[in-house]
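A, B and C are the chain letters, set down in written order, and residue numbers restart from 1 in every chain.
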Amino acid sequence: MNIAVTGLNATDNPGPGVPVIRSIKEGDGFKGNLIGLIYDSLEPGIYMENLATKCYLIPYPSSGLEQLYQRIVQIHENEKLDLIIPCLDSELYGFAKIQDRLNALGIKTFLPTIDQLNIRAKDKLFDFCQSSGIKVPKNILANSLQDMYSIPTDFNYPMAVKGIFYDAYIAHNFEEALSAFNKLRVKWGYPIILQEFVRGDEFNIVALGDGKGNMVGAVPMRKLYITDKGKGWAGVTIDDPILIEISKKVIGKIKWRSGMELEFIKSAETGEYYLLEINPRLPAWVYLAPSAGQNLPYALVKLAMGEEVETMTDYTVGTIFVRSSWDLITSIKEFEKIATFGEY
Amino acid sequence: MENFIIPQNVAISDSGFLFQAATGESFTLNEIGKLIVKMLQGSSTVEQIVGKVCEEYDTDPRTAERDFEDFITQLKHYSILK
Amino acid sequence: MADKKRYERPVINKHYSGLMNKFGSRPTTQPKTEIDGVTINELVEKYGSPLYVYSEKQIRINQRNALRIFKTRYPKVQFAWSYKTNYLSAICSVFHKEGSWAEVVSEFEYDKARKLGIKGENIIFNGPDKSRNALLKAIKEKAKIHIDHFDELYEIIELTEEHKLKAQVAIRVNMDVGVYPKWDRFGFNYENGEAGQALKRIMMNPNLQIVGLHAHIGTYMMTAEAYRIAASKLALLARFLKDEYDVAVSYIDLGGGFASHNTLIGQYLPAEEVVPSMEQFAEAISAGLYELNFKVDEMPTLILETGRALIDNTGHLISTVLANKRLSSGRRALIIDAGVNLLFTGFWYKHPVSPAQDSGVNIEDTTIYGPLCMNIDVIRETINFPSLRKGDKVVIDYVGAYDNTQWMQFINMRPNVVMVMEDGTVELIRKAENLDYILDREVLPEKLKLK
């Protein structure tokens, strides 16, 4: 079986491609090749030994679907792909839109629908949660500079200022909010999400939905160490049935078909969980899941291939991941291959 | 006659990959770009280069020379050419 | 000559981390060599450059698709062609031949629709600017007047009394549908009760016959849900008229505003990935209307004034490369003979631009400028583009909406517009302007003439 995976950017703002590949390779009875689809010749995953058998550059989502599709056709000629697992938020709409054409080539995907993506999109999450009885922080969408000047007075600082796809800043006053707004506007366009900041501890959960409303598995984690970019650099699996219940509710209600990561804050004041974000793909820390006993990426592969997967409920509490930085060494000759031919 | 010098530590491979050892920067050239850089390294004159391009490719000397000038500007911009 | 290799300009691209993205050795920009089977070269030879080209076939396909999509969800549907989006006579006529009414927002557009053979009763007269004369004409010809403000309402009442006429009216309603910016400058507000007030005032007057309700919630809408909200709020107003006055409006007009697949500047993902489909818009609108719970024979007709989404992809602008330039930053620039005076929408869209001939595999980050002596004349700030030579052609897509109504003479005059017909022939639908055309409208005072 040949599986292509994107998001090999295991940098300080990591994509989940590397741990997804690592998990699948360790799947029980898995036989096949993992192929990396990359956007940049310096994605660290390219240079990791025994990870991807081959890597290919693909065009950025912003260059249009036809180019992406044509490039995949080319790669498919060489690799006879059975499955593609897109791992980055910004490419999911594109892959969801071309999935029928990919299926026609014999390439399977396991993706949420466009409507499902829209529900969890950062700008719609608030409405979805309110109608589902899940707590969320107060939320405003800013579509113009004028909107910034009309933030209601009952909206308290600090607030999180978030881009529609990526990036978030904490603003303690209007000036900081404005500066963050301007940075995000240039980079990701509108809308910009303003979210009231809830003080408390961060919890995350990785889960997998089968598209019929069932949650195939879920592993909750508490971040132990957070970098200045807000990325979890270490975390521990925890025993918390409430988090799992909320995830079940979300997946059941949307009939989510794919992996997802839910981000929560447990309010220091009330002890209640606030859902901050639904990320529509497996997270960069997903290798913690197979390590704790639930190989969710491999389960995703099986679901994609139409196999039965038993619901997983057990996992080892107290499993810890600690991310590390490790310099990979290569030569300009190797770099040349990927930079010149788009293949490595 | 202007003299174009490409430093010794600029390495260009058959794939058109150019590595500037002094700065660590790298570039990709197309086939004609590669041909020109290689000829410049071999101290060819403008006339020789334009002649060679016209001989091998379907173009006229005026087009070849104008594009050569533009290319030289780029090489200078990237400090590949002194 | 034959054994020589294909020439291509020498190119050097620096590798930047995060930017480098050359892949494989196949061309990434497919050339667009023809429009509906007519080659670009043939078109330019005959009609010059720059040149606007429309596809009759595509217009009809778009209109038929849209009608089918809405009709499979709601029984009574009528489209009205939005003149301001494109009022070239040939374009309007294709839509009219497909059964569309006319939607106009000025006296000039009204007269144009009448001239094209549209009956007054098939004209929807919108907008805040309707002159007294235009209103009188519209009342007489039984056009459907969509009242925008109270001053207009009272003017219509006056006219009907003065001339002993009856007017067919609707009101335009603005409302909160959860999207920004809120368009509250047109029509009567729903939430503050102004719309209900206007309806009451209309019902009191025997000369005014309320025939419809209208909302137009915005432009380039990225969410279908907003239309569901708008449709259901209009449905509530229709219900109010039925319950209070036993009047069933004959139509509900949801306006236009569906986004096309043109990508906005500042939008990261291509529009085709994020814009809702026509099916989603239709689904949302019919879901909203079904909240009316009218009997089938009392269901109002759904009127749509879709403009952009029906016309944008049917228009193409062919342009010729005037020069290649290398900017001081090392960036490549291409100067073409079509500027922002012809492509007004270039200020907010990243129009797709394709070379019209095979142009090799090497692409470079390029800025495309128009020919005007103006710094703002930029067609694309940044686009990955192959090397083109002077005289090569490019095709700019998605120029069907608003460009031929907002273009202007500036430095250069406006070029020919042609339509590739369904049968494959090409018809000139607007002649290029010339000096006589300009001078015809000018008056030079005798005393200023050079002797």
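What we mean here is this: a contact is a pair of C-beta atoms (placed from the backbone, for glycine too) under 8 Å apart; a residue touches a chain by one contact, two chains touch by 3 or more.
Every value quoted in this text rests on a predicted model; they were computed, and no experiment measured them.
Student: Of the chains shown, whose Cα centre falls closest to the middle of all protein Cα atoms?
Tutor: Answer for the innermost chain: C.
Student: By mean C-alpha coordinates, which chain is most distant from chain B?
Tutor: Of all the other chains, the one whose centre lies farthest from chain B is C.
Student: Chain A to chain B: how many Å between their CA centres?
Tutor: Roughly 44 Å, centre to centre.
Student: What is the distance in Å between the mean C-alpha positions of chain B and chain C?
Tutor: Going by mean C-alpha positions, chain B sits 48 Å from chain C.
Student: Taking the mean of the CA coordinates per chain, how far is chain A from chain C in Å?
Tutor: Chain centres of chain A and chain C, defined by C-alpha means, are spaced 37 Å apart.
Student: Show the residues in chain C shared as contacts by 2 or more other chains, in ascending order.
Tutor: Correct list: 15, 22.
Student: Touching two or more other chains, which residues of chain A qualify?
Tutor: 339-341
Student: Residues of chain B that touch two or more other chains: which are they?
Tutor: Each of 26, 28 in chain B touches at least two other chains.
Student: Which of the residues in chain B end up touching chain C in this complex?
Tutor: Chain B reaches chain C through residues 18, 25-33, 35-36, 53, 56-59, 63-64, 67-68, 70-71, 73-75, 77-78, 80.
Student: What residues on chain C touch chain A, complex-wise?
Tutor: So the residues of chain C touching chain A come out as 15, 17-18, 20-26, 28, 30, 180-181, 264, 266-270, 272-274, 352, 384.
Student: Could you please specify the touching residues of chain B with respect to chain A in the complex?
Tutor: By the definition above, chain B touches chain A via 13, 15-17, 19, 26, 28.
Student: Where on chain C does chain B make contact in their complex?
Tutor: 1, 4-15, 22, 324, 326, 330, 360-362, 389
Student: Using the touch rule from the top, collect the residues of chain A that touch chain B in their complex.
Tutor: The contact residues of chain A facing chain B are 332, 335-336, 339-341.
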